[in-house]
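Note that the chains take the letters A, B, C, D, E and F in the order they are written out, and that residue 1 is the start of every chain.
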Amino acid sequence: MAVDALLQPVVLFFLLGALAAFARSDLVIPEAVAKGISLYLMMSIGLRGGAEVAETGFTHDMALAGGAGLALSFLLPLPVFWLLRIAAKLDRTNAAAVAAHYGSVSVVTFATGSEILRQAGMPAAGYMVGVLALMETPAIITGLLLARTGGTANLGPRGGLLHETFLNGSVVLLLGSFLIGMIDGKEGLLSIAPVFDVPFRGMLCIFLLDMGLIAARRLLDRQALTVPTVVLALLIPLINGSLGVGLGTLLGLDAGSAAALGILAGSASYIAVPAVMRLALPEADPGLYLGMSLAVTFPFNLTIGIAYYGWLAAGMAA
Amino acid sequence: MAVDALLQPVVLFFLLGALAAFARSDLVIPEAVAKGISLYLMMSIGLRGGAEVAETGFTHDMALAGGAGLALSFLLPLPVFWLLRIAAKLDRTNAAAVAAHYGSVSVVTFATGSEILRQAGMPAAGYMVGVLALMETPAIITGLLLARTGGTANLGPRGGLLHETFLNGSVVLLLGSFLIGMIDGKEGLLSIAPVFDVPFRGMLCIFLLDMGLIAARRLLDRQALTVPTVVLALLIPLINGSLGVGLGTLLGLDAGSAAALGILAGSASYIAVPAVMRLALPEADPGLYLGMSLAVTFPFNLTIGIAYYGWLAAGMAA
Amino acid sequence: MAVDALLQPVVLFFLLGALAAFARSDLVIPEAVAKGISLYLMMSIGLRGGAEVAETGFTHDMALAGGAGLALSFLLPLPVFWLLRIAAKLDRTNAAAVAAHYGSVSVVTFATGSEILRQAGMPAAGYMVGVLALMETPAIITGLLLARTGGTANLGPRGGLLHETFLNGSVVLLLGSFLIGMIDGKEGLLSIAPVFDVPFRGMLCIFLLDMGLIAARRLLDRQALTVPTVVLALLIPLINGSLGVGLGTLLGLDAGSAAALGILAGSASYIAVPAVMRLALPEADPGLYLGMSLAVTFPFNLTIGIAYYGWLAAGMAA
Amino acid sequence: MNTTRRRRIEVLADEPLIPAITRIAASAGIVHYTLLPVSGGAGVRGRWRDDQLSGATSKVMLLLVTSEEHADAFVEQLAPMLETHHLLLMVSDVSVVRGHRFD
Amino acid sequence: MNTTRRRRIEVLADEPLIPAITRIAASAGIVHYTLLPVSGGAGVRGRWRDDQLSGATSKVMLLLVTSEEHADAFVEQLAPMLETHHLLLMVSDVSVVRGHRFD
Amino acid sequence: MNTTRRRRIEVLADEPLIPAITRIAASAGIVHYTLLPVSGGAGVRGRWRDDQLSGATSKVMLLLVTSEEHADAFVEQLAPMLETHHLLLMVSDVSVVRGHRFD
């Protein structure tokens, strides 16, 4: 699976973007287009997941996976925080901010992983999209508790941080689309499938080209990344991902869904969490948390992590 | 039809956008993307309408519908103006500006309505797209006559207001695409159908998500809206729409086309007319005319109006 | 073929854009969307060309066509430079800058030409995309040698001009996609064909609408264009294109590929070369080189040139 | 360096009004200008953001660098429209090189 | 023309912080503002460009025209956050017509 | 509030020239900068609008806040290119807090 996965267009476009940036090409995807595709991906993932759940109805597995996801998102920041404090000597605020990113999830890693798993004949269940949505925010709460800061009240959001967290644009769009998918079902979505289903992989290619550019440019500009933080940005996904796969297998999920839980646990947010952290912990360095999650962990998961979690899940199921 | 219509993805995405905005989520569709989709919708509507007319050739019905559309667009602003002056106590300039909006049409309301009518088994004829194009501008002329202002000569457009009106970007694109559709016909458009035909409903979903966000945010920022203007923004579409359906039925149009004429008469412009009014009647308040047409009448038509005009047309035909 | 070609949607949308601009309509395609579609076209052309080459493998014809393309791109600037100096009395710098544009190629002219040739039953071979990529940059080197300027060292790019030239965003994206197409082949690209293959012609329509707007607006603003430069902007593509077709036929390429070589030779760059020239020869007037290549030569090729090269190639093959 | 003092004029206006305002500038002797995008704001008419749907409420910032004399002529001509057309006008001083280019 | 001297305040800040900063401005008596897009830059935290992916590192330029008194109150309130929140604050003078609109 | 007077430099330049100009700024001691988008304009070379097709004629506004000394060095170095490269250069005064940040 590993080599095949690496040669798929989605991954190759990511590498193309990264190479172009490393070679200091001036290639740029307009921000509005990249943002538009990112919104498209949320809608598409949400709709398709919702429609699948509409078909299967609520099941025992679903509840188990949801509970596992919630627990992982709440708890994973704790060991990550500890690692960052000990091994990378980060201050409390920065360690808390980074930990929140690793407890939360990356939608695009999940999307790419789902496609690769499907290609490999072990698709994840539709309800894993619901789990994805559930896992986005709890880690933020843990992160803020870890930061123990009442601090920057002055510039805090009016509605409070929880409001900001749950109503983050990408969270709302993913959840909303999931609900619409559940209401309309596969049948009802047929007429919009030419937009939200069929072109999904192609759109993902364009988006990953942009991700390659952004991740590599961030790596080139690295101001905040040190050797320990880079090492941890490779280690943490491996640990978290293995925990996710293990927990999924223990709970009796099918191999595809257990692999997906591993992908979620192993991935780090770079959309929803940074936006909240910028507001909640403005003293934390965005160069650090975006550098780790976007420039190191994301490429690692895309090229190695996903294949490894899939391999692990297949092995544990057997 | 009503409940079904409300549960279709296009409408649900509009509601999702509106709810997100009301909940003060930071969800935003990049302007360039929204504008791009809006242009896409014009091209698609124009091409498909033109291709249908190319198939049927010019017919008697077509001429009748066109004449009815022109008459409605020219005349509807008169009673609307009178209502606004009497019931909402608007000054002459503002009343004239708003009246022009209600005489003209909303392309997206028409597009959504057409899809819903088609789904319900009573599709509008292809030439109704031509009627749509005809109805965009006459109301502007009536509105300017009502405003009776030679006023703002200083900042008037160089080519005169009529130039500005007929060469408004969206009018040109709709008409131009309609002509291209007529020249190339269904056959000739086959190779571009994967872009301009198949994905239409899906693109409409994304656009309506944005419309929901914009309409609801405008409602939240309402500075210019008062109780009487909101009530009128609900009443006028009902009256105008009923007149449209009635006139269409009287002229012997099929039920689908009569319903479409109702949708056109009942809808209010929020793209072409505001752009011209900002130039022609700069003293008129955009908060008022965009508030009424975009934040009140558009959602009303989308959720209730379209279903009602369809029901009325079906009833009158029977 | 000529009339048919002119009535195809791609060409009609170009004319619509040009007419709208001449009539001074305010129609505008958001820059981000136009840029996004331009990137899309590069990816799509590259992928499809690469996949075809993956199928046929390397052939003798391929090597010949590649060599011919390289030679044309290196050498065509020489007579063009001479013509511009003699007939249009341009100074050395401007003549060199313009010559570089005519030695290089226009990706969209090639794309439109390929579609028209395919429609006419004489498709170009897939490897012509590789030739396209080869022809983009050599002309820049000749142009810089002709300009004989060590001049603007102050504002020169850090990595040197060759770096700038070969790593221009559009060159990288085209070549990268070509390679991905070769790696994955038709099979591997199947899952992304709904994005990169099927909608190609429709996307080209939207892009050409924008090109019509831009070309016509540039013609209206013409500051730098004189009668001689306009005449040359019509003559040069004819000469270069005929040379290209002749050389292709001589080398034994099939008629479609010979026509494509003519299209490449006859077209002038307006994306990659201007970006490099602005940096390398800042004293050269962008109004002149973009005016000639974008506002005169591009529309000429689209409406007449492509049909003529196709006719010539068919005639020579017979 | 040989610099000269010039006036920097900024006008925030609705996009559809820009061509008319640059015509007024030209009639006051200022033919060169630069346009800057604006993404949102709040004024007496409430908050707005650039939704580009109709472009009717999009705003643009017009920048003019010119001599005191031309600046005064322009401000004089534009003043009556400031209130009715909801324009924001600011004038300040800048130093430029090659002053004759900005007369 | 009857012009008045006012303060022009510009604040460059991360997009997520803008609502909070306009609230501070309002509490200093400045309720009208304009937002300008910014596309990139470099500071002590290194280079950035607007990638809009999360919006977390996008920046926006906030423009306020106001009286000296309100300007001072605003700067006073914002000053402690300049360093911690990586804001860029500039104040200069402009002339405006209808000065009472910018008090 | 403790404010300091600094120079505000704005340079309007074609996008491809920006990296070279920031290098000149750096060599004049100004390493921090901000880039603002520009959407169109008119100059001696006629009207332009940002069509982004090649980016060759897109322009960008570069903003530098710095000390008088560095500003003079920068202007001195850039001056010869103003005419040949069609740059627009403006210098004005601003007050900043934490003046040492802008030396």
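Going forward, a contact is a pair of C-beta atoms (placed from the backbone, for glycine too) under 8 Å apart; a residue touches a chain by one contact, two chains touch by 3 or more.
Just so we're clear, the structure is a prediction, and the values are computed from it rather than from any experiment.
Ranking every chain by how far its Cα centroid lies from the centroid of chain A, the top place goes to D. Using CA-based centroids throughout, the chain positioned farthest away from chain F is B. Centres computed as Cα averages put chain D at a distance of 19 Å from chain E. Computed centre separation for the pair chain C/chain E is 45 angstrom, with centres defined by C-alpha atoms. One inter-chain figure worth recording: chain A and chain B are separated by 40 Å, centre to centre, where each centre is the mean of the chain's CA atoms. Listed for chain E are residues 36-37, 52, 55, 92, each touching two or more other chains. Residues of chain A in contact with at least two other chains: 26, 30-33, 35, 275. Across the complex, chain D meets chain E through its residues 12, 36-44, 59, 61, 72, 75-76, 79, 82-83, 88-92. Only residues 30-33, 35-36, 39-40, 43, 47, 159, 163-164, 167-170, 172-173, 176-177, 180, 183-184, 188-189, 191-196, 275 of chain A touch chain B when the two sit together in their complex. Remark: chain D residues 14, 16-17, 19-21, 23-24, 45-57, 80-81, 84-86 touch chain B in the complex.
Those residues of chain D whose C-beta lies close enough to touch chain F in the complex are 1, 3, 8, 22, 31-37, 60, 65, 92-98.
Contacts from chain B toward chain A in the complex involve residues 7-9, 12-13, 16, 19-20, 23-33, 119, 198-199, 201-203, 205-206, 209.
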